[in-house]
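A, B, C and D label the chains in the order they appear, each numbered from 1.
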Amino acid sequence: MKVGFIGLGRMGEGMAGCLIRAGHQLVVYNRTASRADPLVAQGATVATDPADACEGEIVITMLADDAAVAGVVFGDRGVLGHLKPGAVHLSMSSISVELSERLLAEHTKASQAFVSSPVFGRPHVAASGQLNILMAGAPAACKTCLPLLESMGQKVFPLGERPSDANLVKLSGNFLIAAAIEALAESVALVSKAGIDRKTFVDIMNTTLFGSPIYKIYGSLIAEEKYEPAGFAAPLGLKDVRLALAAAEHLRVPMPLGALLRERFITLLAQGGENLDWAALGLVAARDSGQARTKS
Amino acid sequence: MKVGFIGLGRMGEGMAGCLIRAGHQLVVYNRTASRADPLVAQGATVATDPADACEGEIVITMLADDAAVAGVVFGDRGVLGHLKPGAVHLSMSSISVELSERLLAEHTKASQAFVSSPVFGRPHVAASGQLNILMAGAPAACKTCLPLLESMGQKVFPLGERPSDANLVKLSGNFLIAAAIEALAESVALVSKAGIDRKTFVDIMNTTLFGSPIYKIYGSLIAEEKYEPAGFAAPLGLKDVRLALAAAEHLRVPMPLGALLRERFITLLAQGGENLDWAALGLVAARDSGQARTKS
Amino acid sequence: MKVGFIGLGRMGEGMAGCLIRAGHQLVVYNRTASRADPLVAQGATVATDPADACEGEIVITMLADDAAVAGVVFGDRGVLGHLKPGAVHLSMSSISVELSERLLAEHTKASQAFVSSPVFGRPHVAASGQLNILMAGAPAACKTCLPLLESMGQKVFPLGERPSDANLVKLSGNFLIAAAIEALAESVALVSKAGIDRKTFVDIMNTTLFGSPIYKIYGSLIAEEKYEPAGFAAPLGLKDVRLALAAAEHLRVPMPLGALLRERFITLLAQGGENLDWAALGLVAARDSGQARTKS
Amino acid sequence: MKVGFIGLGRMGEGMAGCLIRAGHQLVVYNRTASRADPLVAQGATVATDPADACEGEIVITMLADDAAVAGVVFGDRGVLGHLKPGAVHLSMSSISVELSERLLAEHTKASQAFVSSPVFGRPHVAASGQLNILMAGAPAACKTCLPLLESMGQKVFPLGERPSDANLVKLSGNFLIAAAIEALAESVALVSKAGIDRKTFVDIMNTTLFGSPIYKIYGSLIAEEKYEPAGFAAPLGLKDVRLALAAAEHLRVPMPLGALLRERFITLLAQGGENLDWAALGLVAARDSGQARTKS
């Protein structure tokens, strides 16, 4: 299948690689063109603008945020103006429910299809084709996308016909992770100030109660105060919590824990944490409780 | 070994049964004496008061809260006044750090030993001897207790010489569970009000991110709004969060998520939830967001 | 002076009346034209679109929110396209810091001046010319506006040259009021459930500690559970808190109390409070604590 | 009237002075005896222990907290054991609802009367006899106390027959003040980080909206970052918020703003604020938002 792929960040690069290895013919576009080089070496063609990547049946977008997606879709030489009638825009970025709804409306008006497929997984998971992938959109369009998604993920979770549902589930998942991080941050600060070994505490929690990848990864980062380099940076954590809260406000769903997380991320950023992993909520809890960082 | 066992609630009964099956000679005491009958049938002797249960090398307490433990220890015919010098009080209840410290001080003054061993696990886990058990106290006393603990649990986690450390770890574990419940409650309320199937959401979260017993159990209870009968009742959840916050205040550790959980439990209780499982924070989130309960 | 006035809601109508009584020649515009009738009876001229109201030295906007202001300014036949070079757009609505900054930039580009003057006061205060009025903008433009502002208010508070500063102070003021409402709501729920007379409590607080119009007004509304008709409706309260939080996020200032207020307003709206006064946070506190409303 | 007075801290000293000036015969007791010297110079007699101060019709206690009151009442040579039948214990300290209920029960059992009269006002207000005083208890006992209370206060607010109601109103009043402090702290942090003058902001708020002594005093302390010397120290603020929350938990009244205040005070204390005024919540907001203190 001839596939356009827009957005070659750390996630997109790995995902595009999976598609090439699965035998698809890729036309890739990235604002910083040099990031396409490794893919070109594997057989991809480079597009000079988003429109150039829209000649096939499907164009995939995998970008940082709403603004980036809106830029490549609604801008000059954008996806909306150049995708063929009947072709599919497969959006895999973590974007807002609001933008997802707007994309559905605009693509429908242009006789194009829109499928939303945000993913769970870090860059190395993307590179190995082991992502967990959500999928929502019109059945025929989803059917077109499915083989591609299966090339990029270990499992695809269909969520019905409304694309924005997949975005809301993705945001809710990130909310759950952020909540787990904050809970770990506060409890580690507590036992640590009492003089109990932080790693022992986290190990016991993982052995006895949680046994979950999320608790293992973030428990370990917080216990070891290892916040750099960022696997998922704090400003992205703030962004996703904010988007979840915006969706919740629109639906009239109070989320007090979400509100707390938002303020904690802002505190982290106010104190110089722009480049730290979102696990660095552990740093906020340590500072708030008057504990010096044990590692620099 | 001759062992006293005080407190035959749903947890204590199962734990005492494990000890009998392991060949220990048990003298059991419970305020409501009839609860001892099944254990007597297995070979236990009944004590008429706490003092009667204190004739051996070890007396175990497994009671509901601080007041109950203080009652059997400090009251007339209590443990403190009747345990032999050198014998061990093995406290397995979820009690406060403060009471744990007081017990250590008083038992030490009376030349008795004190070991703190709170447990993780529900009643059916206790009955099958599969609890996870924390242990902190003087090394010699811990050594005396270890075979008993191994009869009751799948694993024993030593936490050093200060008994109250085991209590703080237990309280922190329950705080982590309550935080997970609240996070699930809010996110389920959000996706549910958006029209997304609650169970599908919880299944995806467990498959993709968490894969943890805690998220499976509580995600399922909240998705199905199954809050009765209570496996662990809401007032006990409130109690443990309050004890964690009290320890945190004493240590000067702010826990904003803990504070939020406390208020949510109080809201639940104010609205008639005294007999519901602590998972019923899901009910608070549903009501707050204007969603009628789908099941009665 | 020849003055355009756009927006004849309950606030705008009173303010425009003050200007007419002060001898200014008014050209008024409102989307629902009939609301202009009383002012026409006093001598005002009716404009058929925003552009028609832009022929003089000053055009005033007094509208509900960002969207309404952006509509009349940036739309076809809008203020931006028709205000004369050197003339002043005097914005008196409660809008976001972000829109205020955009208005400054766009008007400057069009060689027009922009002054921001949000107000404190309810409709009856506006009608009597007793508003408290903030003012920020270029000195020459402020000087042009000052006589008009003095016709509408008891006092004008200059806040320097950056228009958005006046908007941030206005939003911060509304945040302070919302915080006072929530504090009253919670404390009234507490003493009320203890059986203490709600009005006695509020009276004592006003006599002994606060003696402030805000505490008197809102204490009384909450004690008497008088949430209709809305003087300032709950959705507007939510909007202003959200705008304060957005400005705070942009500046990296955590506001945990602001976050709490946002969730409380959402709870109120989720439970049917769209048409209630923002004092109805008192209703949320009453419900959360399991207290039936004493008045229907 | 012959009056015992126990507790000569900064508040008690001023209050006792008012009683002497009003012509009452005072027997004073303080743990640190030398604090009685100025009152002795005015005609008071010194008691050597609490019992010595209990020979008349009334004994007043004005102490720092529950522990201090319980000490002088229930200890050896304490008030409970030595007050005459029919005499009144007039408690003016800020104590918990729980202790107030216990005092009523114990004094009643001992055929003594118990009146609760906590006060609003700082030390210099106490010295000038201008306190605002709450009063609750049996009518006859209140009648006995009234002339004394009127010597110490500008106004006495009767609150019925249940003494603990006066304590709950006092705690609720301090909750309202703490809430106002936090609201000011957050809004000052916001406008300050935006570059707006802090004092101008506070002045406008006081002129336009609040005009309340509380907002004037605390707005000024926060704007000027003047947190020493403490008029009312942060640990006392934490104590009163904690007592309000304890009463609220007992009554099943969630107070999310109260919970937030508790955590903010703990943060302040964790970061070295034990000796600062409770207005130093302003310092927490400044630090959280990454703003250096402008004054040392």
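Everything below uses one rule, namely that a residue touches a chain if its C-beta (ideal position, glycine included) is under 8 Å from a C-beta of that chain, and two chains touch if they have at least 3 such contacts.
Worth saying up front: this structure is predicted, and the values here are computed from it rather than measured.
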Those chains which touch chain B and also touch chain A: C, D
Result of counting contacting C-beta pairs for B-C and C-D, higher pair: C-D
Furthest chain, CA centroid comparison against chain C: B
Gap in Å, rounded to a whole number, between the CA centres of chain D and chain C: 38
Between chain C and chain B, distance of the C-alpha-averaged centres to the nearest whole Å: 52
Junction residues of chain B, two or more chains touched: 248, 252-256, 260, 264, 267, 270, 288-290
Chain C residues touching chain B - in the complex, by the definition given at the top: 256, 267, 270-272, 288-290
Of all residues in chain B, those that touch chain D in their complex: 238, 242, 248-249, 252-256, 259-260, 262-264, 266-267, 269-270
Residues on chain A engaged by chain B in the complex (per definition of touch): 97, 120, 132, 134, 155, 157, 159-160, 162, 165, 168-169, 172-173, 175-177, 179-180, 182-184, 186-187, 189-191, 193-196, 200-201, 204-205, 207-215, 244, 247-248, 251-258, 260, 264, 285, 288-290
